[in-house]
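Two complexes, one shared chain (subunit A), two partners (subunit B, subunit C).
Up next is the complex of A and B:
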């Protein structure tokens, strides 16, 4: 295409250096936020004021900031749950179901220990809290493992499987906490029973300890992908399952493994949100709202291009935006679901920006033809 | 009991419209996993327009239009920009889920229009959905347009060489398919259950997607599957009609999803693939880059 003396061409990228990828990702977020301001304009709210409210509540308010961090860590764990299978070229969109299963496992253990009947008993927290986390991770891993097994063994589409299992898990939670289900709380309002106070997760600097665990996991996962044999196998499988098979990498082991790891991390997200975040400590009535937030994990994972470390700032930003969005929605009298709308706009912008990860726009200045050549024509 | 089967038929009509839309997409080689998002958009915008104008026709028209636009968007990402079909479809689903939650929440509650009159005790759309099946079958397997669509879905390189525009054919299919998905959403929100709620589709789109795999890309089998799943869906909603007191009603709600899983698994066994595997459009899910 020619624009005056410039020629504009689209070229597939041979390679994409890290800083350029980061630049594209940041640009995608900025464009999404610009697009999103249309919603504020439509609601007759000044976008600048709205963003100021959102950011100041999310990151500069002593009530908002801990909420943002807890929410961001939740999203980060969900992002890991997406990233690990994504590195193997597989789509885990079942973080929602896996984290539900994780939280069910937590409360099943608490129930078995008598925590529902006797909430004020003294429990050895140092012993039981790790047990709760292990239970959550095991349940999430087992649930996700089904999708990995079906993919590896029978090549069943993992997107459909994980999504169907999300719905199954959603109704299982309803069964356990409503209408006389085993985990129903005493209030009879259709929510789960409260975690005994002795088992509330310890806070470090005002945030649940799981936050620091989640940050450490980024380093661990990065190490796994970059330096270990299994990480290499996962990435090789992601590049080409067929080629990986020729290289002797099992076509069953890798899908099962990545879903087991992903599911365990999603299960941990379930533990974090429903048993470690101050003010929650139970499976709430609106658990579906938190479960659906897990889809932010897909977006963070895509923006971070499947890398755990860059996912940290992205997840914390989105955690803050979703907390701040909910606050601004109330303060500025906007419709329910502002944070969901942001999720949608971010996602579709990101899809459009996928193009720039693969293609580059090359602009070259055309040499002006010398006058004598023009005469010859 | 008649009421039960009537409602089952009405559930299956929604599966049929949505899954036929997806089937048309997939026969041309384009996978659209965003079907639930398109349905949510059609349902929500159709609901709002019908409620504010008082006209069902306007609601359905807007739903079809928005379905077409989202189909075009999917086409733009995947056909023109050669993007990953799964990424684009997921984008459309999350966009639909996120944006309709925000747009629709101001309209939460019942539609408040007189119900669309029934024909022989069921929704008129039941007959429309059944009538659409032979039409789609005829177009796909008996007309030159259908041959064109199928060849683009099987082998776009050969199709292009023989003078068929792959891009145009695929654009046509994603647009028409999107229209059907948007319409399916509107049938849900304007006729089947005219109440707007947060994320009320709860998996109808994903079950429709699974139904297309189940149908082996054949509209007649798809109709059979839809009828079967309509019954399962109603059973899950009203278990007391058949087996009162057997399980919690919440456990029953998982049944259609569990059955879909088992069916998908059976269809993916080597035995089944050896027998029927050839039905899958060869180029499904692959972007076509002309060089």
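Up next is the complex of A and C:
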């Protein structure tokens, strides 16, 4: 494209330093917020005031901030569940189903221990809570492992399998908590029974301990990909299954392994939100809302280019905006789903800006053509 | 009408001139004051090794790159290309090495696709007649109604040429025109190229290696090295030695010394091995042979005769449907690839970009492909990347790999340099048996010589080498014993030193020479 004496071109990038990727993401967020202002204006709300409400509640309010962190951590665990298979070139679209299975496993264990009939009994929390987490991770892993096995053994598309298994899990939860299901709560209003108070996850600085666990996992996963043998195998398989086979890496083991790890992390997300976040401690009626939120793990993973550490700020931002959006919607009397609309616009903009991960705009000054040169066009 | 810009050439008249073309990339002077003159009716070969600046020059000629300095003249008129469209409009056509055809469409649809005259409604009948006329004129035989995916590499090449001609090209740029072709296809293509030149087209083939083809077909040769023209001569005055010297910058020995090494114990024993192709038919039929220590066993054959399946079965990448494979007396027929690596097998795959390396990985990570499982380089599940890096640096130094460093991604290396890295990391394991599948395919003269010498060195060091090659001269020069393969079976096993080229040539085509006693 030519603008006067300047020529503007798109050129593929040879490489992308981390700080530039971060800059592009920040730019995308700014653009998304500008675009979304249009909706506020149409609803006769001042965009500045709306954003002030959203951000101050999400990140600077003593009620809002813990909520934002809990949601952000939930999203972060779902993001890991996406990232691990993604590094092996496989797409886990089933975090929703896997986290449902994880939370079902938690309450199955509690039920087996008599926690439903006797909610005020004293339990050895130091023993039972790790057991609940393990159950959640095992259930999520097993559920996702099906997709990994089908992929590795029969080359069945993992996107389709994980996606469809989400629906099975959704209705399975519905069956267990509604209309006389085994996990139905005492009120009979379509929610699960409450976790015995003795088994509520301990809080550290006002947030569930799982938040710190999730942050530590980012370091662990980064180390795994960068330094370990299994991390090498996963990345090699992700870049080129044919070359990985040549190097002696099993085409069955890697898909199964990454889905087991991914599913376990999604299962942990299920434990975190439905058994560790204050004020929840049960499978709520609106569990579908969190299942939908889990899909943003895909977006966070893509924005973070499949790396666990950069996923942390992205997931926390998304979690905070969903909390702040919901709050501002009520406060400003807006009549649409502000939280999801905002996340949606943010997502589209961030994905669109990924274009600049691969291309850059180059502006060059055109020389004046000598008079005898035949220039076409 | 489509030829109006360029018609009326006189044979021998200059049609295209480059003067002082210079192109710089960050850190590289890709083209350094290149002068070039093409004449009508001439086949003008541009020779050069990988990295000599051929690709850059070709892109400048086709308008894909703009030169930093220098001028382009077409029939004496100075021109400037901003994009390939400008070049096409002036009658320049390019036939790419990496085909740009749509596999699901027919030949005719591909030729017409994107043609400016095609308009919104295709007149395929008229186009078909015009293309058929072109085919007849230049001796191309291709079914216009066939889908492109059904075609051989040679036929796809023809379609690319027809596409350029149909768009009115009078100056044809051919990128490595024969690199993917079988010998019979090469002959046909060269005949058509001659016919086109006789019709006053200027043909500009860019060639890395295959000097005999240059000598047999071209009228003039320009040799590039390090971005400069090092020689410009009439083919009549050239020979292989001169061209190779100008290209590589030193004398190249074409006769490799066959090192005689005491043949040792059997290492690789193959008994009645059979395997299926990807399409499910029996591609390898009941093949038996033994490779000993200090021996190069060469398998000669035209592409698609089962040698690729043989290599994959031996490497554990394809299951055998019959027979067995022994490595140092141990049955490895059903062993995994990893076990074979551990037992001392080294495999150099034919597909160096897709299988032998990972383009997005650094050279260090690529080296790790054959070491990540080795206790010496991975302890307690942690890969010792520092040691991997040292090994990679050693390979780079020892094999003279041209690269800015060990952290460069593999996709940025030229074919020859990448092959050196692959060869280096496989040989550094000191394998008992080396399976080298087309180790020099697509490499330039210097890299080919290097790879061949490394295989000889490995043999001298006592390794058993299985060489699979489509280059008859390479098999003849290197092998201690030669097995010509045809339709999945050996036509015999000949002693290397005494095998006649004609005999082996006949056997890979499926005929047993009468005067041959096996």
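Just so it is clear, the second predicted complex is superposed on the first by the 365 of 377 C-alpha atoms of A that agree within 3 Å, B and C clash if a C-alpha of one lies under 4 Å from a C-alpha of the other, contacts with A are read in each partner's own complex, and residues count from 1 in each chain.
Here is the rule we go by: a residue touches a chain if its C-beta (ideal position, glycine included) is under 8 Å from a C-beta of that chain, and two chains touch if they have at least 3 such contacts.
These numbers come from a predicted model, not from an experiment.
Asker: Pick one for A:274: touches subunit B only (first), subunit C only (second), both, or neither.
Answerer: A:274: touches no partner chain.
Asker: Using the touch definition from the top, say if A:100 reaches subunit B (first), subunit C (second), both or neither.
Answerer: neither
Asker: Give one of first, second, both or neither to describe whether A:57 is in contact with subunit B, with subunit C, with both, or with none.
Answerer: neither
Asker: In the superposed arrangement, which partner chain does A:229 touch: subunit B (first), subunit C (second), both, or neither?
Answerer: second
Asker: Based on the superposed arrangement, let me know which partner A:259 touches: subunit B (first), subunit C (second), both, or neither?
Answerer: Neither partner.
Asker: Please work out whether A:337 is in contact with subunit B alone, subunit C alone, both, or neither, and reply first, second, both or neither.
Answerer: Once the two structures are laid over each other on A, A:337 reaches subunit B alone.
Asker: Look at the residues of subunit A and decide whether subunit B or subunit C touches more of them.
Answerer: Touched residues of subunit A are more numerous for B.
Asker: Under the definition above, what is the set of subunit C residues touching subunit A in their complex?
Answerer: 77-82, 86, 89, 315, 317, 336-338, 340-341, 347, 349, 351, 354-361, 365, 368-370, 372-373, 378, 381-383, 385
Asker: Once bound in the complex, which stretches of subunit B touch subunit A?
Answerer: 33, 77, 81-84, 86-88, 90-92, 94-99, 101-106, 198-199, 202-203, 206-207, 209-210, 213, 248-251, 253-254, 257-258, 260-261, 264-265, 268-270
Asker: Flag every residue of subunit A that touches subunit C in the complex, lowest number first.
Answerer: 227-230, 232-233, 235-236, 239-240, 242-243, 245-250, 369, 372-377
Asker: Per the contact definition, I'd like the list of subunit A residues that touch subunit B in the complex.
Answerer: Within the complex, subunit A touches subunit B at residues 39, 91, 93, 150, 154-157, 159-161, 163-165, 167-168, 170-172, 174-175, 178-179, 181, 288, 292, 295, 298-299, 302, 335-338, 340-345, 347-348, 350-352, 354-355, 358.
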